[in-house]
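The following pair of complexes shares a single chain, chain A, combined with chain B in the former and chain C in the latter.
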Partner chain A sequence: MTIPYNTLVVAAGVAAVGFAAGVVGSLGVLRKRALAGDAAAHATLAGVATAFLVSGRRDLPVLLAGGLASALLSLGGLVLIRRFTKTRDDAATAIVLGVSFGIGIALLSGITARGIPGGGGLEQFLLGHTAALTAADAALLAGVSIAALAAVWLGLKEATLVAFDPAFAAASGWPVAVVDYCLVALVAVMVVVGLPAAGAVLVTALVVIPPVAARLWTDRVGPMLLVSGCIGLVAAVAGVVASGLVPRLATGPMIVLTAAAIFFVSLLFAPRRGWLAKRLGPRFPLTVE
Partner chain B sequence: MAGEDRHQGPHTIEFHDVTVAYGRRPVLWNIDLAIDAPGLFAIIGPNGAGKSTLLKAALGLVPLAGGTVTFFGKPFADVRRRIGYVPQRETVDWDFPVSVMDVVLMGTYPRLGWFRRPGPAERDCARACLGRVGLADVADRQIGRLSGGQQQRVFLARALAQQADVYFLDEPLAGVDARSQDQIFRVLSELRGEGRLVVVVHHDLRTAAEWFDGVALVDMRLVASGPTASVLTSDNLRRTYAGPLDVLDEIGLAVEQARRTR
Partner chain C sequence: MLFGLSKHPPRQPPPRLEIAILPQMAKASAVRLLRRMVWLAVLLAADSAAAMPPVRAVATTTIVADLVRQVGGERVAVDCLMAAGIDPHSYKATPRDADRLARADLVVSSGLHLEGKLSELLERLGRRVPSVAVADGLPREKLLPVADGVFDPHVWFDAALWSLCPALVAERLATVDPDGAAGYRKRAADYAATLLRLDHELRTRIASVPSDRRVLVTAHDAFRYFGRAYGIEVVGVQGTSTESEAGLSDINRLVDLVVTKRIPALFVETSVSDRNLTALREGARARGHEVALGGRLYSDSLGGPDGSAATLEAALRENVEAIVTGLGGER
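Up next, the complex of A and B:
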């Protein structure tokens, strides 16, 4: 069987997204910002729907710009709630996630109910559906992903320092808040470009599961980023392939299930940290000279 | 410390009327304290006395509700590079995927500035600092696979890599084995020998009397400060440790001890 050219291009684009999501997600997870990423992901829907209503078209760049705007807006709201109320982190995140997702769903169902032309395909942003992507869309996703990777390469030293020891970073003169905002914004960008593939509900999985699985295989940040990127890539491609083979199959769930399977295998078989290694191998002696 | 008369120019560190509050709850009141290099200086007091807060206030990590802190007569922001810092060991996640070498290299980051990566010069510096704390042979190990004392020495090595003139250490001897304690004190004494000032938040009165040149007794306010021998008097200690809560603590300890001996 021959694979259509469009499917190949889309697969390549989504593969780039999967890789970059795994890399950026690693920094987010190391800084313990996984939940903030989830809130941003759920918030994208409202922006996507608003962008559609305002522009009246289903142009991917426009919709994603809208998604990014509402994701950043929700993260800003999170910062404000934390600063001006005594709400705990987890509760604040849950509030922002719930409210922004509620707005998104309300807009989406409004668009569907009124039968606005072109609005029918918007559910693809809920659970992901790559079969509808064009080659131009894929190129956009890949371009943004490569830019995100470049940003990580540039600021890896600063991000690692702040993630490991923010107090030391602040005392030695690094603007911890600025680094944090950049990091979370980068996670938001990856969540947004992950939308067409995984959808608002499941895209976090692409940013969180690969890093957690990768951590089991290595004890260093650099290798963790690479392994996480590769896991994200494999999961993303598996989603595209499944979506291409089975008509109308949502891509998001396939991506999540593949990533989860890799995580489960890592949990069992990773050297030293895996269940099997802990069970069989001699426990690593804690060295006290 | 001793010999304030012969002191010329600005103090190495000067706390002037420093007050710190968390929300509306004040934790430090009107601290006036001047410390001069070289020396080993301990900040001592009961739990919750604000010792760590005093240190964080000096480093700009908590906002001052009032007063000023100056280094060499200048605000902290102007002399940041000359100040090294060892946070409490429990403040970081030791499962973080970095090696001992990676952590020590972080001490060189301020010199590197934005985006520049450590090169051979920084690696040599980090290796030398690891050697000074006796950890040269575990440079490539993940930091979680070290003992508590070794982890504390990694933090000390990172501070050494900062090549500072003033060092702040927050409880560097908490939960540390005897060997690490000796090594840490040896390095701190070396720093004093090089003309630097080392300020340590400390909890153990016995080692304080033995090792430190100067002491400040803190219990939300400054109870006493100066040369160790003249400050660590039973009267001063009673005043520092005799808050109503601590009386309860002492009773609790006595009860526990009685239960154990029974």
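Up next, the complex of A and C:
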């Protein structure tokens, strides 16, 4: 049996996104920036809608550029709230998430209600819709993912240091804030290219669940990035395959459910941290430190 | 003497009236102005009421609006809720829309759940405002079922089936405006005859397409009545409503169909996104079959009021010409 061309295109694009999201997400989770990523994800909708209104076109690169712009803006807003008010981190994130998502939904429903030509189907960015990805779209997603991986490879040492011991990093003269911003921006980029796959509401799962699952399997950063990337890849491809086999099934929820299943399996069977390993106790030391 | 002096009283400076009285005057004149404006408004309203057609109907889609215009003629002012190019499946009502609907003498909707997001509002309105859902009045056995008790709402593509609707609208208009009843019935009968003539014309046009190429691939399943009436197989990438998503399996299935049947053209709809069709063409190209985009079809919305396809009659004709040309029928 040959794999249909469209499935191949979509799977290739989404696999690259899944892997890169897992890797970038690992650093984000280690730096405790998962919620900021979620805020950025919800903010993309406003940018996608604005990009459509401004350009009047539905080309994926244009829409994603808009999404990235609004994601970065929301992160900027988050930084400002933190700096100039006494709002705590979780509250600030909730504010930014709520406001930016509200703007996005308002714009989207306005576009549908006014029936702006070509606006039909923009809601697909809410839950993800990969079936209509063209080869050019998939190449764009894969290209950005590879660029993000390259950025991680270049800045891994700095990112790890800042993630694990920001105080020490600052004391030894590292530009902690700059590394931090770069890291969060990178998470925002991954969230944006993950949009077609999982949609604004669910895309965070792609940068959060694989790292958390991977963390159960290993204590070292390098392997964690790899494992997390692989989990992301498997989840993403599984989502595409599921929506390819079952008619009229959105891709995003399938990706999230697969990732969650892998997380659950990890919870049970991971060496040392898993439920089974704990039950069995130290009689079977499964890890070699 | 004092009195002597009073003969020639010293000239006092004239009181500076403007300044002293200005506040009161301003208030008074403002009140007067307001009163005048109110009168003017009342007069204008009375005047325009005299000149306005007796029935103000609000229609949901451009297609229904056209139907009401054809039947109502001069006696009915038709206000159309959705502008041209709007997808009625996903249209959500704004508060202003609810207001327009509530003030109407008659609300005309397409029915059969075409206006998916408006159904509830229309149902609630139906208890207070005279209303009619056109396709709901069609005989059930002539409708195409989608699921149990759910029917495909795109009935206007079968001109013969749609020709039953003018009478339905005429009867409803007659209850709202009994004085115009005879006129409505006459116009409805004329329009039904026009639609039947159109039906015959469309049938002959489609028949000119070689029978093995009579496959119509569109973005969503809007053309099933059209296919049944004019003998052409129809396939939509999305389901009957644009609200249901096309999955990869749908795309793959259609690529197969398009390649094996060597279908020459796909058709974009004016009110639906063409992204799925773009992916479909790419899939077919990868298997060595070039599919053309055979022009835009009017599906759930007519063209703009100034365009060439402002009426259903014109839109159906344009659709059929695009299909005949795209699938290689006779010019």
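The working rule: the second predicted complex is superposed on the first by the 279 of 289 C-alpha atoms of A that agree within 3 Å, B and C clash if a C-alpha of one lies under 4 Å from a C-alpha of the other, contacts with A are read in each partner's own complex, and residues count from 1 in each chain.
Methods note: contacts are C-beta pairs under 8 Å (C-beta built on N, C-alpha and C of every residue); 3 or more make two chains touch, one makes a residue touch a chain.
Only a predicted model underlies this, so the values are computations on that prediction, with no experimental measurement involved.
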Identify whether chain B and chain C fit side by side or clash on chain A in the overlaid structures. fit
In the overlay, answer first, second, both or neither for which of chain B and chain C A:219 touches. first
For A:170, is the partner it touches chain B (first), chain C (second), both, or none of the two (neither)? first
Looking at A:56 after the superposition, I want to know if it touches chain B, chain C, both of them or none. Which is it: first, second, both, neither? neither
Just checking: does A:133 make contact with chain B only, chain C only, both, or neither of them? Give me first, second, both or neither. second
The chain contacting more residues of chain A, comparing chain B with chain C, is C
Determine, under the contact definition given at the top, whether A:7 touches first (chain B), second (chain C), both, or neither. second
State the minimum pairwise Cα distance, in Å, between chain B and chain C in the overlaid complexes. 39
Where chain B and chain C land on the same part of chain A: residues none
Spell out the part of chain A that touches chain C in their complex, as residue ranges. 4-7, 9-10, 58, 109, 112-115, 117-118, 120-121, 123-124, 129-135, 240, 243-251
So in the complex, which bits of chain A are touching chain B? 30, 154-155, 157-158, 160-161, 163-165, 167-168, 170-174, 215, 218-221, 224, 284, 286-289
In their complex, what parts of chain C are in touch with chain A? 82-83, 85-87, 90-94, 239, 242, 244-252, 255-256, 270-273, 275-276, 278-280, 282-283, 286-287, 301
Can you name the residues of chain B that touch chain A in the complex? 56, 59-61, 80-81, 83, 85, 87, 91-93, 96-99, 102-103, 106-107, 109-110, 112, 114-118, 138, 141-142, 145-147, 149-150, 158, 162, 177, 179
